[in-house]
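Chains: A, B, C and D, in written order; residue numbering restarts at 1 for each.
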Amino acid sequence: MSLRAAIIAPTGYTGFYLIQLLLRHPLAKPTYLASAREELPAIAAEFPQLRGRCDLVCRPIDAKAMAREADVVFTCLPHAVALKHVPALLDAGLKVIDLSADYRLRDADLYERVYQHPHTDRAHLAEAVYGLPELFAKHVAGARLIANPGCYPTAAALAIAPLLSRSLVKPMGIIINAASGVTGAGRSPAPQYHFPELNESFAPYNPGMHRHQPEIEQTLTTVRGAPVQALLVPHLLPIDRGILETIYLEPQDEDVTEAELREAFVQAYEHEPFIRLRADLPNVKHVRDTNFCDLSVRLVGPAGGTGRRVIVFSAIDNMIKGASGQAIQNMNLMFGQDQTTGLL
Amino acid sequence: MSLRAAIIAPTGYTGFYLIQLLLRHPLAKPTYLASAREELPAIAAEFPQLRGRCDLVCRPIDAKAMAREADVVFTCLPHAVALKHVPALLDAGLKVIDLSADYRLRDADLYERVYQHPHTDRAHLAEAVYGLPELFAKHVAGARLIANPGCYPTAAALAIAPLLSRSLVKPMGIIINAASGVTGAGRSPAPQYHFPELNESFAPYNPGMHRHQPEIEQTLTTVRGAPVQALLVPHLLPIDRGILETIYLEPQDEDVTEAELREAFVQAYEHEPFIRLRADLPNVKHVRDTNFCDLSVRLVGPAGGTGRRVIVFSAIDNMIKGASGQAIQNMNLMFGQDQTTGLL
Amino acid sequence: MSLRAAIIAPTGYTGFYLIQLLLRHPLAKPTYLASAREELPAIAAEFPQLRGRCDLVCRPIDAKAMAREADVVFTCLPHAVALKHVPALLDAGLKVIDLSADYRLRDADLYERVYQHPHTDRAHLAEAVYGLPELFAKHVAGARLIANPGCYPTAAALAIAPLLSRSLVKPMGIIINAASGVTGAGRSPAPQYHFPELNESFAPYNPGMHRHQPEIEQTLTTVRGAPVQALLVPHLLPIDRGILETIYLEPQDEDVTEAELREAFVQAYEHEPFIRLRADLPNVKHVRDTNFCDLSVRLVGPAGGTGRRVIVFSAIDNMIKGASGQAIQNMNLMFGQDQTTGLL
Amino acid sequence: MSLRAAIIAPTGYTGFYLIQLLLRHPLAKPTYLASAREELPAIAAEFPQLRGRCDLVCRPIDAKAMAREADVVFTCLPHAVALKHVPALLDAGLKVIDLSADYRLRDADLYERVYQHPHTDRAHLAEAVYGLPELFAKHVAGARLIANPGCYPTAAALAIAPLLSRSLVKPMGIIINAASGVTGAGRSPAPQYHFPELNESFAPYNPGMHRHQPEIEQTLTTVRGAPVQALLVPHLLPIDRGILETIYLEPQDEDVTEAELREAFVQAYEHEPFIRLRADLPNVKHVRDTNFCDLSVRLVGPAGGTGRRVIVFSAIDNMIKGASGQAIQNMNLMFGQDQTTGLL
């Protein structure tokens, strides 16, 4: 089998990593790069890393032309732009993996409040599948439109779901202290990402107000089957890639042991090739350039005390498991392949 | 007035920053550097940064000799070593500012449990003053032995004390998510601090088990006048210097407003020259090379809900306000000077 | 004595470091910050590092108003803009230290070729003094207009002048391999300075075509009293601050020894407080935050062979000795103070 | 076909990257990891990055056992240790790719002077092939013992050989100004590689005295067929990986044009898949994680003048093309495969 993949808006970081992963994939290859730019660049001129490996030149965004040359399309467009293109892509017969936020929130009204923009494709929103394979692999396999999860939500949902689904932790008051590398902020220069401002710095941003917070709550609410409330406090790390989340939860039962908590992860993920449960503590460097999510769970504080906490540490590469790698994992499942193909 | 300062064990990072600050101080100067090394180095050979600025050569640790040439001595020895030297230094008539952990915990039994070492100087422990001037300036002024606070405890206590002393937050279940630059780990090479292992990394360490946790609880318990329980989860940042703490607390009263929380800080610190209350969010880069502690407070989550949280962000330079700068601030107070002398 | 200093365009990095140095200077203080921006910022809003230390708010660029409140003005304007303001500043009676390139090249025609812009102030160009105190201190003392040297030229001229003035090296074919931290590129965001592009990178730029090359040749030609030809090949380092130059020269006499070369530096700089001649090798980290230039000289290659080379290593902080620190050093000399005042 | 690969001393960085490349290689796989350590580690315990991807546990260094389970062995031992093991490995029938320096210098006496250690395997030294495929591919194909080139020599030889073999530059007085990431220094902690010492630093080391200098001269002398003299001045970059060399040469003919120089590279490398000739300038970031060598050539300085120079810029990933990637490229050729297999 040979999968032909198109990418819309490949000149950002998620596009770059998609191309890299597709070049290494034994069953797929990039065939069509589509850009809305007036001057259509050769991708290797945009990313000198790709010289000698990919000679594709960007072409206009044309759903029918793409459908002739591709089986699946990855949309790396900004939110509110993706939903303008997705309907035509689906109509042309393409399977679509959307890396924007446009099809992640199932409640269109919530989307409109969070993203401050009308949702003009509610029809397809209803059929979109949230592409977090460790939790929803079966739905992914049959989907023609995948909402590829956000980076923070991927690390958070994988860390919390096993505890929540087994009622081992309380569903309210969850604290997600998160830190991300700078590729997560995209490829456009801005004062706060100027090297001398960011190098040797560390700071929080948007505490409790990040758009990924409702996405996390939606996933956890699905897992639990009842409302879940979480607080996301992101920070920016002076590194290229990687997310580490330090997640604080309250145990549901004060007599729970760390071994029981750990067992919940073993059960949930024993057949999941991309989850690594660690006895020691995760580090973003250990997942860099991989599609793994490294997890570790600890129980701290005085037994029976108010301060007793479950801490889950979760590390991913924000560009791979948090974006392009997970998109490839979804592609593999949508086309009946082993989900690890090209990703180990 | 001219203050003569000695430093014991000046070849680590805290010694280096003490020397730098003393060279710039208008009223003090380093006069005696004392080392336990067999080969006694010129300090400028140890730190090429100091060439042309400091021509002192280390001499043996000799309390009486130091007392002839210095008014105050800074001890930069490891814990369990400092307490072997402090009695002789005090006996020789020197004022002592100890940067180790040996005189920080007032309860010697607690010290012995935490540091796994007998406390052999309980007599002086009783008179030692915990040198956090923003909270205990009056005691500092009259002290002859200062226990200079740890770096994490400095950032934490300054962030939490105003809220706790006004009963605006609950005293239990406090979460301190902390991240520090690598100078905090000292100057001795080790695999985890080897550049290619640490660069582009981010990871937690010792969650709930760091020795600074009981030190934080002691200070907050003093402030409140009743027990306080806090959880410290430190992380290591791939930068040289800086600590950022993201502190999660529960409001005591569910109707509290962010303005009231902020007012507590204004009241507590309006005359404190080294506290900067920020409307935006702190960044370790903004306090680098300064003795400032930048603070910001936020109230997040649904009003009345379980997840409502007070977040305080606290940033310091771990080597300045977290160690050597605070030691100079204490010296200024002990000798009747304005606490900002040489520090702005 | 109390020196009042104005700064025009203080919102870039050289302005920031000037303010920091002036705040620490025992005899000078910043009194007037002037900006061409429409919205005039408080400087502490622009640089949060300065909160609690400097409450100045920018005002319009008004030469007469500045002359009432200042004795000296530092112009941190871009080249081609500085020369529009300097005449009025001098006419108003201010001494001017210009950190742009506008008065560095004595040959106005050369300036116009290099900077591609007419030189409209040739009158003052004739009286401007090139402010490299180690070579031209006497002229600096009597100047009312200082052209503050470029960063690469400072490190290069200090490294080469002692050898050239003693005819120890050939005046042609000099190679200056240089590397600079990113603050040298200014504070405006651009794709090549976007953190994820620059972090973990290293690359050359403008080989043989950098505007500092003719400035270097001018200084060395002055020192030698006859033409000198040098090649500058700059590189960009993924660090904030620092320049290291590795300079390759051919010995004039094939029998020269390394000791003779070293002696030339000792003679040239024995009374220079900011030159540190090192037996080991310089490192940008050892000069960071200082006004020092660290130098080391080596003689390598087979005696008498074609490949015998003199190598001089030169390290400065591009923001201090390469810009703002040297400007303060010039100010000190212009006002009859010890040149090290406020800089050690 | 399926190639079975053993690695001796896989716990350093070159071992780590070999394993990573082998795991991704379609025709080869690691089968035997051999270590001289007393406690033999699971490789995934040593490198958490490999968890879930490689479950091999190190075994003793036993040539016969290895020969039963492997076709080729990569020796990642330190110099002077490798040559103790290679004879037995060859005798056991294994093909050997040695990543140490022990078989690189063809002149054993020169080896003994440079490495200060007796060469005890002169017999095999005579048959060893220097594994730089772009220059010596034919010899590689038939070899049973490969001396895998050093990192600096790889970047230098590829940059200089095309000009030298066409007599476009002079063979004497070649200057190689080089900068490397810290993985090149190995995985053992040392003060100079301690994060706070190295971060934000940049410095030269061993100018004119690096052991790779004679290796470079040997390769270039082979290419030219007559003596070549080069000077290597290495610097240490505060990054993980990458080498950039800025190489200064004198044109043989003063009328040469940049186009002619460039044409030499086109001719030399038009069929070489891992050489990318760039019109713009190389950057270590663009070759990271790849086996490419990016090259760019410039002609600078006044026509006919003493200072006219050819500059060649050469960038590689010191761990891939400079070590483990090149070793895989050699393995591919030794076993009759396309040299790019598993490397694009």
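Criterion: contacts are C-beta pairs under 8 Å (C-beta built on N, C-alpha and C of every residue); 3 or more make two chains touch, one makes a residue touch a chain.
Quick caveat, the model's predicted, so the values are computed rather than measured.
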item: Result of counting contacting C-beta pairs for A-D and A-B, higher pair; value: A-B
item: Proportion of interface numbers common to chain A and chain C (over half same, under half different); value: same
item: Euclidean distance of C-alpha centroids - chain A vs chain D, Å; value: 37
item: Whole-Å separation of chain centres (CA-atom averages), chain A against chain C; value: 47
item: Rounded Å distance between chain A and chain B, as computed from the means of their C-alpha atoms; value: 39
item: Shared interface positions of chain B, touching two or more other chains; value: 200, 238-240, 283, 285, 288
item: Complex contacts: residues of chain B adjacent to chain C; value: 23-24, 26, 48-49, 51-53, 200, 273-274, 276, 278, 280, 283, 285-290, 292, 294, 344
item: Chain A residues touching chain C - in the complex, by the definition given at the top; value: 13, 181-183, 187-191, 193-196, 198-200, 238-240
item: Complex contact set, residues of chain C against chain D; value: 170, 172-175, 177, 179, 197, 200-205, 207-209, 229-231, 233, 235, 237-242, 244, 246, 248, 281-285, 288, 298, 300-302, 305-307, 309, 311, 313, 315
